[in-house]
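One structure follows; several queries about it will come next.
Letters are used for the chains, namely A, B, C and D, taken in the order the chains are written, and counting of residues starts over at 1 for each.
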Amino acid sequence: MSTVLDLGLGVAVLIVTGLSLLARSRLVMSMSFLVLGVLVAIVWLRLSSLDVALAEAAIGTGLLSALLVWLAVRSPLPPGAGRMETSHRLRWLRPAVGLVAGTVLTVVTAAVWVRADHRLPAWGEPAQAQLPDTGVEHPITGVLLAFRAYDTLLESGILMLTAAAVLALSRRGGLSAGSTHQLSIHQASAALPPVPATLSWAARMLTPALVLLGLWLLFAGSTDSGGAFQSGAVLAAALILLHCAQVDLRVFQARWLRPLLVGGVVVFVLAGLVGPLLGLPWLSWEPEWAFAAVLVVEVLLTAGITAGLYALFLALENPEGVR
Amino acid sequence: MVSVDTISWYLLVSTVMIIFGTVRLLLVRDLLARLIALDVTGIGVLLALVALAARSESSDPVLQALVITGLVIAVAFTGLGAVLIRRIEGLREDGGGGDRS
Amino acid sequence: MTFTQFSLGALALLPLLAAALTMLLPHPVRRALGVLVALLVAGFTAPVLGSVTSGELTELVLGGFDAPLGIHLRGDGLAAVFLGVTSLVGVVVTGYAAVLPKSTGAHLSATSWVTSHPGFWPLWLGCWSGLNAVYLSGDLFNLYVSLELVGLTAVALVAVGGQSAWEPALRYLFIAVLGSLMFLAGVGLLAAVTGTLDLHQTRSQLDELEDPTLPLLALTLITVGLAMKVALLPMHRWLVPAHSAAPSAVSPILSGVVIKAALVVLLRCWLWALPAVPGMQWLAWLLGGLGVAAVLVGSVLALRQDRLKPLVAYSTVAQIGYWFVAFPLLLHGEHDGAPLGSGAYNGLVALAAGHAIAKAGLFTAAGFLKDRCGTDKMSALRGAGAHHPVLILAMGMCAVGLLGLPISLGFTGKWQLATAAVGAEQWWVLLVVAAGTLLSAAYLLRGIAPLLLQAEVPENAPAAGPVRGRERLGEIAVLIFGVATIGTGLLGAWLGDLLEVGAWW
Amino acid sequence: MVVNDVIPLAVVLLSVTVAAIIFPLPQRLNRLRSAVNLAGAVVKLALVVLLVPPVVTEGARPEFAVPFLPTGTGDPISLVLRVDPLALFFAGLSAVLWLLTTVYAIGYLRGTAYQSRFFGFFSLCVAATVGISFSGNLITFLVFYELLTLVTYPLVAHWGDEKSLKAARLYMRYALGGGVAVLVGVVWLTMEAGPADFAEGGAADVAEFASHSPTAAVIIFALLVGGLGVKSALVPLHSWLPAAMVAPAPVSALLHAVAVVKAGVFGIVRVVDDVYGIEVAWDLGVLTPLLVVASVTVIYGSYQALRQTEIKRRLAFSTVSQVSYVVLGVTMFSMAGTAGGVAHLVHQGIMKITLFFCAGLFAESMGAHKISDLRGAGQRMPWTSAAFTVGAFGMIGLPPTAGFISKWQLGLGALESPHPWVLVVLVVSSLLNAAYFLPVVYTLWFGDQHDAAFTSGHEPRLLLVPALCTAGFTLIVGLGASLPFSPLEISRLIAEGVFS
């Protein structure tokens, strides 16, 4: 039974992959990618990785595909869409070589995969033994915010700096209060299609539910599946919905976007600095107050992720001068 | 505990995604198509990691955490890529853009 | 916890914190904070260098969680060398960017395009944080995250160069991310067979492994991915537009240190994470062959450029070749009691470190001229040397380093590479070194000599305008690189001692 | 002793310091720049003189070493500065001639632009030359040799026009090509026989290496001498030298008399005598081919000089020919020949610099570039013409000049050596020398008054005094050849060391 399901799921993933890679229309491509996200989230569930499935659903499918679909909608038919980079003489050569090389590589790699004797991770036992010291009960949150907090910190740094980068590509370098205020103001020449009243209404109704879901994911993270990233994605989705419903968020953008963006990383680093001040290594937290530290960091991190993802969305709209 | 066959099957699927995503990325000209190909490759890699995580009794938390990290990074680069594509195509629509650098 | 251990963490986290804070500040304050942080980072580099000089390997267990669960930071010889070089390049470039803000890119103001870009500061400090994290990391997945931090900020730093830099930046993004994904796939494979992500534990686990196929496949993936990021021929085509379209203060960082980060990861994987696996030498020979091609093709293409920045960028492509020429020699045994592998490794590191300083200097100079004259066409820059004697002198000194003439780290590196080659009886390496030296002399002369023309400089040449005090300071930055290129040439023996600490052998 | 050990380093650093002071000096501070230059030159001369008694009479070998390159086995290769008689000999030559050339250059460049750059590189050039002379092993030699290539480039390109840049580029190509060959040779030799410290009579490690793998030793010898042969302008590697004549006159003078060309020849002497050792080299059979090349160069250079109509080009080909006498002497495998060759190292320097100084004077004062322009110059510029005549007679080898001494000594050496036919080369070359120098001398004194437009003909003192000094030296060295501390006596001492 399970085998048939897995087989079907795998084939479906492959078909949608093919569709998202080979389609000629941008819209089809990005929509296929959205479907791919959904399918893969189901695969994660099949592989008993609830947290990853949640993250995929929220971040991967929800936001990432939304970005791509948005892009496809805003400029559906750029010059040369979907065409291969062909040389003049042998049109078929590149795709053919690519196909053959890809197939050969797949066969070789897969053969190696199957032959290899896998070894189970050596961190299983120490992870369970040391989990109580971290102040959280959910092992994945423990890994993210205690055992490998350094990775998470650098990663939130990446998200923050990506937001900084896309803001830097907007008016006034995007990095002052005045410029975030102006983000994503549509020009007359590229105005959005009018928003149907129903959507606007639905968005306003949905938002509280989304916020509630986000907060639940956040606070559930310490004991159960969920966490800063999933929660941040949901909250960002709520903001985006509001924005699409043409709710005026400019004051929020001007006053709060940058501080929120930065806050998570700053507090994370400062919390990491407490250890050295007490003579411990970087990023170590005493079991007594570890939970408090993790909670503070997680809340601010969520805010930062929300702001970062929202900034990515806002910056998608070209500033005037660069349409 | 997921059966070994299932894991191997998903590893195979992930391999196909990785390799054909890469090939497409290197061959196609359309910028959005390239970005999507890159994302497909990324999902393929993460799928492999999750499949590996599923070998343990209860799915391995460390590998899962790594995958979540990977996902966030994927969103980050896709976001930057998408904004860059928008800007570049905005320039093109303007008719080649200005001469300032 | 000792201060050195504290420094290991601070080296990665302080710039990140500063990057976050700069986002909230107005532009002039950002510059001041940037300079302050640069000096602090250099200050934290000192204890690491000091302890490695005294033969000590400093290790920091983050959060107190031991490997394989947690992450270790290791300040060994390789890390110390690159930390030192990055601090030098970082401090000087930061100073340059603070003094000449127009070198940081171009942004859209309320009405028009303006030179100088406030976004440079958070991105550069974030990039620096990632670089230090890469050097110190002792964990494969953490290497991936750090490398992504470097890659994304580097792409963004190219993009702040303005409209013409966007396409190169996007191209760079595709390659950088694809490279990291391949690296991640390789890491996943290794983790599957070893059950750990720690570099040292990976090695000891693989030592017990009988079937070499999987580690070999993993190494292939890792190598291809990282070779993309280092821009080894034939995966070099993204480098030239990206490095030449980047703002003046960014190109030296990219060419000087960012590609070195990928090189360091490659060395970590080849020499630390994997034991000598049968079949590895084929891969090494392939890399060696590509290295030779890169030296020759890169140099010839550099000769054919008519603009200064692309010329310097192609020179990077050629120099990258040298590092890979050393790979086949890394796996060799001994000759008369001298270990050849370590000799080639020393040579590789010396070449890369020397290149970092010299290339940073040359790119800063090229960017300076481009900013000042509005173009980097060599025909338009004729005679610019008459107004910038210090700059030309400094460029000459940097060129010495790139040529590999004494006294410079480039010479030290070539010397060690050549002696290792003679010991291993790989005579072709000598030929490559000789040909590469002569070709690089040709293209560097082509780049620098027209600047010296002084007989027929028209009065209204762009370089002829009055030189402001700030610009003089900018020239001093290049001069520091030049002097450092020559000065570090005397440190070859010390470098060899440093690299002994925490080496894989 | 301790003080002496520091002197070699001090001499090198002195010139570098002078350069570092001069580079940032603004153009208008002419007096300060000249003062710094002259002070540096005088102090350097004094330091070198200080070394003479301990090294020549007491047999001391002051040495300074600093670790430079790691080897992998623990002991790093060092940069070594060591003073032996040959080193002192060459350093003395450069110290004396630098002082004179500095004076000349101050006068020559008066009122032109970019003087700070010129004198800065000029000082670096001398630092490199002194470094070459004091080098205690091949690696140190290589370092300073390449440094010399680099710092002479801006000097050759000094005027900054297309022609200078082209000549400088040609020079750079040749010199770097040679440098790469030397580098490969040094790398190989170091890997096989260690860092090859210079030792009188040859390095023991090299001798052992040559005994068990002679083929490799011959190839390495060919690489080293081939590379060095570029700078010493051995035919067919000479064509950069005439092209480089576009440089300012003091540069040409320095290039031909002490710095570049001499550095190449000095390197060949070092390789033959102090790395391989003359006996080992003879056993390997590498000396005779080199002797033949040198003979060809001597004759060919003279023949080409005869064909030139421009003064500076004629002098340039004359250098090609004359410098090879040194190689001739060293490779003919006799003690007298070696002494003659080494003595010619100094003699040629003094005589050739005289000629270049005078050529510069003629060009500056009369605008004379061709030999035909010199008609009647003897009346208008008598002192200059006299100095030129002394130099020319020296080149031909007429007594009582220094040139006579070296040719006589070389002739003696040829008779002692296994190759008496070299005497024929010497005679033919002397005849050719006479054929291309005597007409110039004749034109100077007895040519018809040239165009009346050239009436200026005044002889600036800063340019004239150095020329007269070197002309004087040419005579003094010739007359006092048998006095203690004369170049010939020191050369004999060196030759004894080589054959001991």
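Operating definition for what follows: a residue touches a chain if its C-beta (ideal position, glycine included) is under 8 Å from a C-beta of that chain, and two chains touch if they have at least 3 such contacts.
This is a predicted model, so every value here is computed, not measured.
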| item | value |
| --- | --- |
| A-B or C-D, whichever has more C-beta pairs in contact | A-B |
| Chain ID, smallest distance between chain and overall C-alpha centroids | C |
| Taking each chain's C-alpha mean as its centre, the one farthest from chain A | D |
| Chain A and chain B: spacing of chain centres that average the CA atoms, whole Å | 11 |
| Intercentroid distance (Cα basis), chain D paired with chain C, Å | 42 |
| Distance between the centres, which are taken as Cα means, of chain C and chain A, whole angstrom | 30 |
| Inter-centroid spacing, chain D versus chain A (mean Cα positions, whole Å) | 71 |
| Touching two or more other chains - residues of chain B | 22, 31, 35, 52, 62-63, 66, 69, 73, 76-77, 80, 84-85, 87, 91, 97 |
| Chain D residues counted as touching two or more neighbouring chains | none |
| Chain A: positions in contact with at least two other chains | 109, 118, 120-121, 123, 127, 147-148, 151, 155, 158, 162, 165, 169, 322 |
| Chain-level touch network, classified as line, ring, star, complete or other | other |
| Set of all touching chain pairs, with the criterion as stated earlier | A-B, A-C, B-C, C-D |
| Chain C residues touching chain A - in the complex, by the definition given at the top | 1, 5-6, 8-10, 12-13, 16-17, 19-21, 23-24, 26, 60-66, 68-71, 107-110, 112-113, 117-119, 122-123, 126, 129-130, 133, 141-142, 145-146, 148-149, 152-153, 155-156, 159-160, 163, 166, 189, 191-196, 201, 205, 211, 213-214, 217 |
| Chain A - residues contacting chain C, complex | 108-109, 112, 115-123, 126-127, 130, 146-151, 153-155, 157-158, 160-162, 164-165, 167-176, 258-259, 261-262, 265-266, 269-270, 272-273, 275-276, 279-285, 319, 321-322 |
| Of all residues in chain C, those that touch chain B in their complex | 69, 106, 113, 141, 145, 148, 152, 155-156, 159, 161-167, 169-170, 173-174, 177-178, 181-182, 184-185, 188, 191-192, 245 |
| Chain C-touching residues of chain D, taken from the complex the two chains share | 23, 66-73, 76, 113-114, 117, 142-143, 146-147, 149-150, 154, 157, 159-162, 165, 168-169, 172-173, 176-177, 179-181, 183-184, 187-188, 190-192 |
| Residues of chain B defined as touching chain A within the complex | 2-3, 5-13, 15-17, 19-24, 26-33, 35-37, 39-40, 43, 46-47, 50-56, 58-69, 71-80, 82-87, 89-94, 97 |
